[in-house]
Amino acid sequence: MLEGKNLACVRGERTLFDHLNFTLNAGELLLVQGANGSGKTSLLRTVCGLLTPEFGEILWDGEKIGAVREDYQAAMVFLGHAPAVKDDLTAFENLDFSCRLAGIEASREDVKGALGHFGLGHCLELPAKSLSQGQRRRVALARLLLAKAKLWILDEPLVALDQAALHLVQTLIGDHLQSGGMALLTTHQMVSIPGIEPRVLQLTP
Amino acid sequence: MSVFNWYKFSSPATFYTLAGKLVPWFYAAAILLCVVGLYISFFMAPTDFQQGEAYRIIFIHVPAAWMSMFIYIVMAGWAAIGLAFNTRLSFMMASALAPTGAMLTFVSLWTGALWGKPMWGAWWVWDARLTSELILFFLYLGFMALQAAIDDPRRADRAGALIALVGVINVPIIYFSVKWWNTLHQGASVSMTKSSSMASIMLIGMLVMALAAWMYAIAASLSRVRSIILERERNAQWVAQMLEAEL
Amino acid sequence: MTMPQTLIALLRRELTLAMRRRGDVLTILFFFVIVASLFPLGVGPDPKVLRLMGGGVVWVAALLAAMLSLGRLFANDYADGTLEQLILTPTPPVVWILCKIIAHWLVSGVPLILMAPVLGVQFGLPADALWVLVFSLLLGTPVLSLIGAIGAALTLGLRGGGVLVSLLVLPLYIPVLIFGAGAVDSTISGLGAEAHLSLLGGILILAFMLTPWAVAAALRISIE
C-alpha cells in the first residue's frame, strides 16, 4: 500500500500544494488532475523519491520510502515527461538497456516481443532519432510490459499517442490493476478502463 | 531549555531582529579595534631594520589573509550544518559570508602586491602563500558564481554548500601541493611573517587588527544575512507585519 | 539481476554511445593537440625553453581537455530523462556513478594518455621523461574525471554551465597539475619522479573513495 501523508511541496517561492493526503491500495488507480502548474509532475516526482517533500512523508507498506529505498525502487516503475530514449541507440538497444539498468530480467525475445506489442516490430534496429515523438513514447511504455513492478507511476502516459496506442496503454493499465497492481498517473485526457473506477486527486493551484 | 532557544533563534524571523540589534555593536567594535590597531601599527611598532617603513602593510595584509581563510572554514561549517540539519538560516549564513571572505582575500592579495614591490622589486611573486591565497580567491568566486547561476533558492543553497565542503576538503591538499611546488622551484622564499625576529608589539598590532577584521566580518555578514532573509521571506506574513509597523 | 550485470550493462551502454558519437571523442583529442601546439608558437622555438616547459604544457592542455569533456558526463542523460531512471534504479547511486565516471575516463582520458608522448616529442622531452609523462597522466587523468564529475553534476541545466564548470573545477585540479607536471620536471632535472608519482597515486585513491559520494549528493541536488 502506498500512502502520502500531509505532503507539501514548495518550488522556488511558490507552494504548489500542502496538507495533501492520499492512499493507494492494490488494484486501485489514482488519477492526479489539475491545471498546468498545479504541481502534478512535482507530486509524482515526490512520490518516486526524486523530490524531497517540504513537509510530510510517503509510506510504502507502512515504511518511509527513504528507509526501504531498494525494495521500493524495485517495486516501482516511473515514466516521466522525458522518455529516457537515446537518439544514438536503436529502439531495441534502448529498451534492452533500460531493462538491464532497472534490473528487469528480460530475454532478447521478450524485448522484441514488447516492442512488437507496441507496433514497433518493424523498427527494432532503427536508431531512435529516426522515430517519431509517439514512437519514442512507445519505446518507453514498452518497459511496462517487461517490468514486474507492483506500482506504476506515469506522468502523462497518453500524450502524443494515436488511437491504437491509447487503447493499448489503457488495456495494459487495466490488466495491471486486475492482477493486483496499482497505478498513479497524471493525464489531461479521459481515461476509460473497463471495470475500473479511478479515484481522482484534484490539485488546485 | 537551551534546545528550545536554539530553535527559536534559528527561525529567520527571530534571527532578523536579533541580528539587527547586534550589527551596530559589532561595527562599533570593529571601528574601535581598527583605530587602536592602526595606532599600534603606525606609531608604536618600531621601524623594521631590514624592510624599513614599507613593512607596515603587513598589519593589514596578514589579518586579511588570516580572516579570509578562517571565513572559508566558517562558511563550510555553516554549509555542513545546513546540509545535515536542513536549516535554512545556516545556508543563508554561508551565502552571506562569501562576499566578505572574497573581499578580504582580495585585500590580502592587493596588499601582498604592494608589499612585494619594495621587497622583491615585483608586484607579483609566485610565493606559496600568495599563490594559495589566489586559489582561495578562485574558490570564493566559484562558490558565488554557482549560487548566482541558480534561480531556485533551495538548489542554490544546497549546491553552494556542497561546493564549499568540497573546497574545504581540498584546501589543505592545495596548500600542501603549492608549498611543495614552491620549494621545488626555489622561488621567493622570503617569509611574510618572520615570527622569530618579530617584536612583540608588532604581533599585538597584528592581533588587534585581526580582531578588528573579525568584528567587521561578523557585522558585514550579519547585515547581509538580514537582506537575504528579507529577500527570501518577502512573501511571509512577519515581513508584511514588520513593514506595516515601520510605516 | 545482480549488481555486476547492471554495471556491465551500463558500461557497455556508455561505450556504445561514445562509439556512435566518435566525433565528440576526436574533438576533445584534437583540442588537446592544438592547445599544446600553440605554446611553441607563443613562446618561440628555442629547444631548451621548450624542453623545460614540455611537461607542464602537456599537463595544462590535458586539464583543459578533461574539463571540456565534462559536458558529456551527465548533461545528455539529464536532458533526456535517463538520469532520473538511473537514480530510481535499486543499485546504490555511488556504484553507478563510479561506473559512469570510469566509462568517461576510458573515452576521454585514455586517448589523451596515448597522444601525450607524441606531444612530448614535439617539446623534445627525453625518453625517460616521456614514460613519466604517460605514467603521471595515467594516475592523474582519472582524478580529473572524478573531481570534474562534481562540477558537472552541480551545474546540470544551468545557463552558462560550461564556463561555470571551469570556475568550479579548475582550482580543484591544481594539485594534480602540480604533481603531474612536477613528476616530468624532476625527471628532466635528474631528481627522480617517485615522490611526485606516489603523491599523485595518493590523490587518486582519495578521490576514488570520496568523490562518488559528493557526486551522488550533487546529482540529487540538481535533479530536484
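All chains are identified by letter, namely A, B and C, in their written order; residue positions are counted from 1 within each chain.
As a working rule, a contact is a pair of C-beta atoms (placed from the backbone, for glycine too) under 8 Å apart; a residue touches a chain by one contact, two chains touch by 3 or more.
Quick caveat: nothing in here was measured; it's all calculated off a predicted structure.
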Most centrally placed chain, judged by C-alpha centres: C
Greatest separation from chain C - chain, by CA centre: A
Rounded Å distance between chain A and chain B, as computed from the means of their C-alpha atoms: 48
Distance from chain C to chain A - Cα centre to Cα centre, in angstrom: 36
Whole-Å gap between the CA centroids of chain B and chain C: 32
Junction residues of chain A - those touching two or more other chains: none
Overlap residues in chain C, where contacts from two or more other chains coincide: 224
Shared interface positions of chain B, touching two or more other chains: 154
Parts of chain C lying in touch with chain B, wherever the complex brings them together: 150, 154-155, 158-161, 164, 167-168, 170-172, 174-175, 178-179, 182, 185-186, 199, 203, 210, 214, 217-218, 221-222, 224
Residue ranges of chain A in contact with chain B within the complex: 10-13
Residues of chain B defined as touching chain A within the complex: 151-154, 232, 235
Touch list for chain C against partner chain A, complex: 1, 5-6, 9-10, 12-13, 16-17, 20-21, 76, 79-82, 84-91, 96, 223-224
Chain B - residues contacting chain C, complex: 83, 135, 138-139, 141-142, 145-146, 149-150, 154-155, 158-159, 162-163, 165-167, 169-170, 173-174, 176-178, 180-181, 184
